[in-house]
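The two complexes that follow have chain A in common; it is paired with chain B in the first and with chain C in the second.
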Partner chain A sequence: MFGNIQLLIAAPALNVQLLLDGILIGAIFALAAYGLALVWGVMNVKNLAQGDYVILGGYIAWWGQKTFGIHPIVMLPIACVLLFIMGWLLYLLIIRWVINRDMFTSLLATFGIAFMLAQLLNVAFGPEIQTAQSGMTTRTLFATVSVAEIKVVSFVLCCVLAALIVAFMKKSRMGQAIRATAQDARAARIMGIDTERVYAFTYALNAAICAAAGVLISMIWVIQPFYGITHAIRSFVIVTAAGLGNLPGVIVAAFGLGVAEQYGGFVLGAELQQVSVVGLLLIVLIWRQIKLARLRQVVQ
Partner chain B sequence: MSAARQGFDSFEKNNRKQLPFYIGLLAFGILGPLLFPNYTLQIAILWIMVLFAQTWDTLGGQMGYNSLGNIFFFGAGMYISAIVQVGTVYDVGLYTSASGAGKASFTPDQYYTGISLGILAAGVGSALLAPILGFIMFGLRAAYFAIGTLGVALAAGEIIGAWQWVGGGSGIAMPVYPGSADGRSEFFYWISFAAAVATFLVLRWLYTTRFGLAINAIRDDEDKAEATGIPTLRHKIVAWSVAAFFLGISGAIFGNMTGFIEPLEVAFPTVTFGIFMVAMPLLGGKGTLWGPVLGAIVFHVVKEVTWTYLLGWQWVALGLIIIITVVFFQQGIMGWMKEKWPEKFGVVIDPVTAAESREEATR
Partner chain C sequence: MRNMYTILPTVAAGITALAVLTAGPAYAKVEGDSIILGSAISFTGKYSTNGIHAKNGYDLGVKIINERGGVKVDGKTYKLKVKYYDDESTPARTAQLLERLIKQDGVKFFLGPYSSATTKAAAPIVEKYKVPMVEAEGASRSLFTKGYRYLFAVLSTSEQYLASAIALAAELAPKIGKKPSDIKVAMSFENDPFSLDVRAGVIEDTKRFGMKIVVDDKMPRDLSDISPTLRKVQAVKPDILVISGHSKGAATAARQIKELKIDVPMIAMTHCEAAKIVQKFGKSVDDYLCPTQWSETLSYKDDYFGTAADYDKLFKATFKGYKNVPYQSAQATAAVQVWKDAFERANSFDPMKVRDALSATDMKTFYGGIKFAKAGNNIAKPMVLRQIQGGQYVVVAPSKWASHPVNFPRKAKD
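== the complex of A and B ==
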């Protein structure tokens, strides 16, 4: 562990490598976390199935490549559409009933969905670690820092998708309706907005966003049926750190998480990478608690 | 929801009405291994499930803190007992690093002292871990508490997996029971049964005390409870310690029963046992005395009977059961019975109030 830290100090290029990798992968985390913030903010559902939508999206891309030889990036819109439909159906079947219930109900119901999806993927594709082939090469910058082209491509795609989502939320009627519902569902209903439809759309949109993130993850990283929960925890870390309805915060927190995770994995060893994610979750939760305690004192 | 929130009702105060339950359970507990000798260990696991459900309900049902990470104490207890049992005779580091190669044997005396010390240490050790964790976690409310505890349980498995002194990912082989296979099953059956019964009796007593009322007050409204002078943090920590004590014991028993412990699948199975212990009290009816017991029995029996016929789909079915229970049947079996036969639970229905509440519901 200390040897690794010394290595970081001795070779500054390694830091550049870790930072770059962290930011490139953090962009994908930002995408999934934005979806979570959307669902959380609009309908107050803490979606623990977030990570499994990501993994499912990844499996769609991987499966498309394996059976039909379609390039994963081409599969991206297909995965989005499929997950959008699935999200809508899951809303009608399950989420609809938990919206107005206590927080634990939504948490546990979505955990049930997550559990079921992971097991379905396990039955369908087996527990092996998979990865989709992007067919792109790795370039070396300044003779020391290596950058996989696909990571850059996925970063650009993330930016494009994020811009599309933001534009959609700002300009389109449905985006405006979603924001109105988030502000005050009852008032929105009075204004003639069909909030049921808004909720269904929001949940489906979240699933589609996750699918896009998953397709990118499947190319630059690995997917496995049971990796979903870690992705869900990542999204929770980011949203809890950034707060709801704070897009710049989500992006910064996601980059931060990506970088922290790269460093954690490097310093502590790859087998403790998940621990470093969970450790960050605890740190963020405790930090939030201290902030709240301070706020309480001010109010007193 | 309101049915589950009533807390201790007259049914649970009236011992005479509960008598058939006690007799039925005791008869099953004592006759079970005699009637079905081939399933002794299965029934022993049932009692551990009953213990799981009850200890989860202490926080989830009675105190309103829904933990997804109670399995942490189960695994901690298992590892504490393993370290104590091995450590009283051998050097733990050498024992684990030689796993498989050196044949470590325990004399019956060493075994029985080891296991009794191990179970005790597991309970006490877990109960001491609860305040440490409690100081960090109990500031978190509602969903944050659930996610935080889930994170702790997930991380614990990984950290133990990287800790070479206790065998890392390859685990520890527990001392072998000195005796026949049947004697072993019976031995573990009786300690599991005793642990479940002791848990039930202690919790039953605890819920009737001032302490029980205080944690119910925390569930109903924590801020008001604090305002009425209940030291909420201390109560929450003590309640978790009690739950952790029994969970630690169950972990020690289960570890010895399995014979081989390993961090991810046996000691910290967050997505199997960790979720069962939430689903069972919800199925039975949380916040009641008998709900968790009933839920655990129904859940375990249904699971064991149908499991083998589902051919790989059993886990998918389990996810479905969790969703259906949580979304559509959250009042649980006890809550449902209370709605169906309220008079049996001492609820007197005033026709005027009933009409009013019906009006309220349709609005």
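== the complex of A and C ==
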């Protein structure tokens, strides 16, 4: 471990490299986490199937490339539309019935969806690991730092998607209705907002956002029917660390998580990569607790 | 009338039971002119694909040996016959069925199940009843550290999978102007029993040559990102990168080595074929070294099956639908050959005598040399290293069996 830290000090370019790797991958984490924050904030549903929507998006991109030779990036909007429809149907079929129940019921229901999706993918495509090919290369900057073009492209795509979502939430009628429902569903209903439709739309939008993240992940990492859970955990860590309803917080936390994973993996060894992430969450929560405790004393 | 129907099966069952009880001991290991080998192997469940490959290998071995005159013991010629049970890919069932084969069917000679897990369950049983087993499909090193005396394995154990790559690196060190002890080794292994076995073998060999291990990382649990390890590799510039993480780890590694443009003179990795890295990552995986138990291009040969290539042809002609002959089948056939050889040398069917003959086995087969260490593992057959050259797997080491020269050092490719 100390050897690894010495290495970081001896070769400063490595830090740049790890930061860059972390931020580029963090952008994709931010996308999936934002979807989760949306569903959590608006509907108070903790969607455990988040990661499986991501993987499903990845499988759509991979399948499109394998069967029809379509470039995965072209498959991105198709995957979004398909997952949007699926999200809407799942809402009507399942989520609608659990949305007003206690937290445990919605956790179980979405956990069930996660299981079903993973098994269906397993039956349809088999348990082998798959990858979609972006066909792009890797560039070396200043002879020390190397960047895969696909990561830069995904970063840009993530930014564009995020901007689109923010604009949609601010400007469109549906976006405004979603925000109103999030603030107070009862008041929104009184004002004539069809909250049922808002919920369905929100859940479907989340699935579509996950699909986009999944398509990008299929080109950068690998996909496999049972890999959903790690992506779900990442989203939960990010949203919990950022706090609900805090979009800038989600973005910062996602970048932080991306960088923490890279550094954690480098210094402690790749097997402790995910430990470092959950450890980070613990630190954030404890720190927040201390801050709150101080605040309570002031109030008293 | 109705009573007749209920009584008949009972009577029939009673007679059968009686027959089994009385015939049991006589049935034993030799029935008329047939020697019965027993095997509980996976026809259903998660190991069924490879279980059936192994069964086909056993059957082909039995068929050819019987056609070419069978087994001669004490001046009499016997035929081989295998009694199979399906263990449903569960170790507990393997153990149960072996007891049944021993106690009810009276079988005294065994062929192994498929997989290390089921073999681990089988070993204590054959040990308990003091009946020998020749297995072909359990590679875990832990099978040979428990002091079993009745277990013999024709395949190379897991710690040898990548050790040959370390030996090759030592051999080639002068080509890059280094001594073997100057070679720097980077390792990335999955945290599971098989990969850790492989790792133990690699570490043993690096010590033998006095090499330095500069990166020693385990893969994350989901095996989806090893880029921090690879960044370290980029920074410390090792001479050889060794990777083992089943097919998932192999696919992740191949993808990220390509993406991060990792430039190491030698890359050795298990499960290349299973992960289909050539189909997925094309030219970028050229010059990777991949270990295998057996390859049809090897120049091993024997009197029964001819060369490895002859076996390949014979197998494809016997069993339809095989494009490539899995090494699992080849080693299963070799296990049957070991039995024949041991019976003839023991010249007896006494399990103790046959066991002693087995432990003295020293033979050449189309699958490679077979000679058992005291622990029962085969020490005469090295793992073979294949290198991916132009998308083809060609044997490059050990040099005695190489069909192509090794490409070294490799250059990073897109």
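Simple rule for what comes next: the second predicted complex is superposed on the first by the 275 of 300 C-alpha atoms of A that agree within 3 Å, B and C clash if a C-alpha of one lies under 4 Å from a C-alpha of the other, contacts with A are read in each partner's own complex, and residues count from 1 in each chain.
Here is the rule we use: a residue touches a chain if its C-beta (ideal position, glycine included) is under 8 Å from a C-beta of that chain, and two chains touch if they have at least 3 such contacts.
All figures in this text were calculated on a predicted structure; none of them were measured in a lab.
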Partner chain in contact with A:125 - chain B first, chain C second, else both or neither: neither
First, second, both or neither for A:138, with chain B first and chain C second: second
Partner chain(s) touched by A:168 [first = chain B, second = chain C, both, neither]: neither
Which of chain B and chain C A:18 touches, first, second, both or neither: second
Contacts of A:274 with chain B and chain C, given as first, second, both or neither: both
First (chain B), second (chain C), both or neither touched by A:108: first
Contacts of A:282 with chain B and chain C, given as first, second, both or neither: first
Overlap of the chain B and chain C footprints on chain A, listed as residue numbers: 229, 269, 271, 274
Complex interface listing, chain A residues touching chain C: 4, 7, 11, 14, 17-18, 21, 128-129, 131, 133, 137-138, 140, 146, 148, 150, 220-222, 224, 227, 229-230, 261-266, 269-271, 273-274
Chain B-facing residues of chain A, complex: 46, 48, 94, 97-98, 101-105, 107-109, 111-113, 115-117, 119-120, 122-123, 226, 229, 233, 236, 240, 269, 271-272, 274-275, 278-279, 281-282, 285-286, 288-289, 292-293
Residue ranges of chain C in contact with chain A within the complex: 188, 191, 217-222, 224-229, 231-232, 234-236, 247-248, 251-252, 255, 258-261, 275-276, 280, 414
Touching residues (chain side chain B, partner chain A) in the complex: 1, 66, 68, 136, 139-140, 142-144, 146-148, 150-152, 154-155, 158-159, 161-162, 271, 275, 278, 282, 312-313, 315-316, 318-320, 322-323, 326-328, 330
